[in-house]
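Next come two complexes built around chain A: one with chain B, the other with chain C.
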Partner chain A sequence: MAFGLRWAGTGVFCATEIRVQFHEWLAILTGTLVQAVLLIFVWVLARDILPIALIGALVYSVFLIGQRVLNEAAYVRIDHKLNELYHASPMSPEAYFLGMSTGIFLAYLPPILVIAVVTIVVAPFGLLPWGVLIACLLAVWSVSASLGYFISTLFKDMKTIWPYSSLITNLLGIVPPVFYPLHLVPEGWRWLALVLPTSSATALVNGAAGLEVLSGEDVLLAGGSLAVEAIALFIFGIYWARRAAREA
Partner chain B sequence: MAGAVEKRLEGQPRAGRVLPAFALVGWRWVSRNPVATIVPILLPFMFLYFLWRISDPRYFPLEVVGAMLFTTQNIGSWCLSDSAYWRIEQRLQDLFVASPMGKVRYLFGIAFSNLIPAAPALAILAVILAWVTPVSLFGWLMLLAAILVIWVTFSAIGLAVSSRLVSPREVWPVGNLIFTTLGIISPLYYPITILPPVWQGVARFLPATYAALLVQDALGLRSAVPGEMALDAVLLLVSAVVGIGLALRLYRWRER
Partner chain C sequence: MTSPLWRGKEGGSGGARPRTSSSYKNDATALRTRAIYAAFRLRRRVSELALEAEDVRKTYHGRSGPAVEALRGISMALGKGERVALLGRNGAGKTTFLRIASTLLAPSAGRVEVFGLNVTRNPEQVRPLIAVVPQEGKPFFHLTPREQIYAYLRARGIDREIAKARTEQALTQMDLEEVSDRLCITLSGGQKQRAMVATVIATEAPLLFLDEPTIGMDPFARRRVWESLRRLTRSGSTILLTTHYLDEAEALSQRLYILEEGRVLVAGTAEELKHQVGGTLRVTIADGGRLRDAFASFGTCVREAESLHVITGPERINEIMALAMREKVSATVGPVTLEEAFLRAVGRSIDEE
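Take a look at the complex of A and B:
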């Protein structure tokens, strides 16, 4: 039982979270602002890399879900102390973590779908790249949601959280080659880009769509890192949710 | 009784203390929350890095100027956040309204306290600018003037909008939406001439557009025809006066 997973309450909590998030429609709407800004930069200054930037926008949008999980988990715990109520209920800690992460993901899906439609119009890809894209987005979601939930438990004050969440999302979303091609990064630093979850996901999709040429080693490094990060962080997220529930 | 209090308050000095007091508020924010201070000013640097990677290298000096103006414009968003937080969460505005300090001094004080965290970023960007392109004394003066006008105008807009917010959860999305959108419509990071005509037309209604054009003219980053620079300066002042006037009309100092 110690390692067994208990999912009781996941669906209900996911539905609750979707409702909660839909009350914050302005936050959902403005959640794509940075992506829009970077896409405008690309459209104005380097239109030839627009398809790559659109894929980057999709990856970055999903990566931002982690920031929302961080904010929501911290808000529920610090401002409302509601987590104590949830953990005292029959709902399991893993259902709390997964329900919240999935609910936020689904609530923030509409703007992501808009970017996906624009991508289909601007750069029509085959089925394989879309399959790779969906797999990579799920992996990025797993990484960011687990990371966001973990970080949310480290703070005692809402005002101290946002700079860290903003720093992580911007450092991993804007600086590495997410919105621009991997070949613009100096050769000595490409391995780092292929290890980071956001840029490895973008590189894999770009490679599958034929927008960039990746060597077999590059694909192995990017795919391997992303898969390991997604699985390891998800398991860690579940472990941390249980631990946080015990301490609540 | 009320008359006696009014009389005593009238006897108190009302000038000369607001700026140092708000400067202290600004400095406290920097000293107590170094990370919170660094993060908002990192975004223009990240944009700059991104643009340096993707765009023509000859645009880089223009993009550095854009980052300076964007940072200044973002002070408006911080003013919005501070003012809303003090009013909604801490009920501090009631205290300020009841004090001898007037509305304009309070607003100017918040704007000044938020200029302090932005100052290091502006200084670093100024060093980068001097490194990537020669800047004359006239160029520096025009840049400073443009920054001052943008600071006052966008701080006024931020403060005016903040007075209409009712929940702390509106602060972040509203501030982000207004200031990011305005920063992108104005040609801060790219020459106005490469934008589509409709976009250029919309940008002509915003003060930051004229600030960018004025500085680009003064630094020789675009080839302006004679008289165009003076016209940009006049239009910057006019749009700033209109913006500040609208902001003052929108601003709500006392609860109804």
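Take a look at the complex of A and C:
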């Protein structure tokens, strides 16, 4: 099948998902609650790292898209069986995966843009850091959406999924240096922070914005890891979407 | 308010549009379908069958516990334009077979072909030719029925104008016009199910799989679905459905397959199955289970709970009623139904767990 044909239907399914998500506007708003609370803590306790925390809030917000994809894909599959309606149709499984992931990303974009505006006001950066930020956010979206979709296909019950969803979000979004600077991480563990998708993204943006000092090796490790993870997981996501379209 | 999806009839061609050759010109799905047919015609391998299954087996290997044999060698064939029902109790294998045939589940062994295309080897070529109403499927709760149908047709690659026309047609056929702009979450269970059926019938796919399509619907809505499905097969589509409702199987399907424990027990038309029962009349004797021996000479006796059904011919009715009066039990006479055919084939009622 031609490459173009495999993506046919992505746009329509993306629009469908945006429509569905916009009805849950409260969930979209509360999606920024954790970030807002953490930002308030930082503002009260350590105002000097507020720009770093704001970049962290942007990265974390995009990383949360993966959790939304996980929950939505699982809900649509387990509760509505709509995956069967779409998989037994000319629309390819990868168009289903990409349409859903993009739709959720776009639906959750407005609060992310609000944080971006606050960041512009609090810490005005040049064009390069913004370019790095956008590239990193897209990479984080690719990682989290692919991971979320993959996990969503592993379980047969929504209740089983919730703890995993929460675990991954906290382990990759809160624990590593996303809302705080990389230099606070003990030297021996810093490599791990530069390998994880969320903290590598924040480190790269912070480095580009001059908020943190990164060595050449640090940039290489963080940039290389993030790029490899984003590409590899996206390809895996497509492979898995095709595989999951037919149960073994 | 205009939604990202289409919300109303504006700009559309209005009501129902028949499947004319001109409408096909803009219909991506139909074009693909015709391209696949054309390719196979060239190779002289066009199948006259819409679906052909041979010795299909499915075994589920659980992480814990023994393996479960859901299908133990199912074979069947559906001609183009046929309406065929799979009838069976819970766990008989109906849904498993439907999911295999619709490319959603891999078989453990055997072969299923849709219009001559192997569903295991060529799922991408099969999928444009089929549409599925999943068992217990629900529409997107935060879409209206109109949006749900239209969005699905567009996702299948159907042209905008044709999708609008077919959406309106499906809403009318399923009697959903009044609620067409209400969010599906606010609809009753039966209305949600009708929205699912409308979504699938609007595709006008050459082969439709419907898993319990009328579950939760009131009798009027069920009849509307039946009429829509009959209309679809008249225009050339083929339908394979599963059902628990014996009256639905009898009224709707041209042929039936009765499944039990992953096997086809009997197949044929409803009339053929009823003939196999061994009589044309059924005498139901309330509290007659204990009198089985006394009635055994009149015909086939089938016990159901405390009742006894005697399948017989009209020439024995007077004798049976006389015996019932002597035994002081009430007896009612009626024509043999599919229920008796099912009881005879399976040995248990369709509702029995």
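Keep this in mind: the second predicted complex is superposed on the first by the 242 of 248 C-alpha atoms of A that agree within 3 Å, B and C clash if a C-alpha of one lies under 4 Å from a C-alpha of the other, contacts with A are read in each partner's own complex, and residues count from 1 in each chain.
Note that in this section contacts are C-beta pairs under 8 Å (C-beta built on N, C-alpha and C of every residue); 3 or more make two chains touch, one makes a residue touch a chain.
No experiment lies behind these values; they were computed from the predicted model shown.
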Exercise. Chain B versus chain C on the shared chain A, clash or fit?
Worked result: fit
Exercise. First (chain B), second (chain C), both or neither: which does A:Glu84 touch?
Worked result: second
For this session: Using the touch definition from the top, say if A:Ala245 reaches chain B (first), chain C (second), both or neither.
Result: second
For this session: Could you tell me if A:Val12 is touching chain B, chain C, both of them or neither one (first, second, both, neither)?
Result: second
Exercise. Just chain B (first), just chain C (second), both, or neither: which does A:Ser92 touch?
Worked result: second
For this session: Take the Cα centre of chain A as the vertex and report the angle out to the centres of chain B and chain C, nearest 10 degrees.
Result: 90
Exercise. Touching A:Lys156, do we find chain B (first), chain C (second), both, or neither?
Worked result: neither
For this session: Name the contact category of A:Leu38: first (chain B only), second (chain C only), both, or neither.
Result: first
Exercise. Taking the superposition as given, does A:Ile49 touch the first partner, chain B, the second, chain C, both, or neither?
Worked result: first
Problem set entry | Distance of closest approach, chain C and chain B, by C-alpha atoms in Å | 10
Exercise. Residues on chain A in contact with chain B in one complex and with chain C in the other?
Worked result: 24
For this session: Would you pull the chain B residues touching chain A in the complex into a rising list?
Result: 33, 35-36, 38-40, 42-43, 46-47, 49-51, 53-56, 59, 169-170, 172-174, 176-177, 180-181, 184, 189-190, 194-195
Problem set entry | Residue ranges of chain A in contact with chain B within the complex | 24, 26-27, 29-30, 33-34, 36-38, 40-42, 44-46, 49, 159-160, 162-164, 166-167, 170-171, 174-175, 179-180, 184
Seminar exercise, completed: In their shared complex, chain A is touched by residues of chain C numbered 3-5, 28-29, 32, 99, 102-106, 123-124, 127-128, 130-143, 147, 151-152, 154-157, 183, 196, 199-200, 203, 209
For this session: Show which residues of chain A lie in contact with chain C when the two form their complex.
Result: 1, 8-9, 12-13, 15-16, 18-21, 23-24, 76, 79-82, 84-92, 95, 99, 245-248
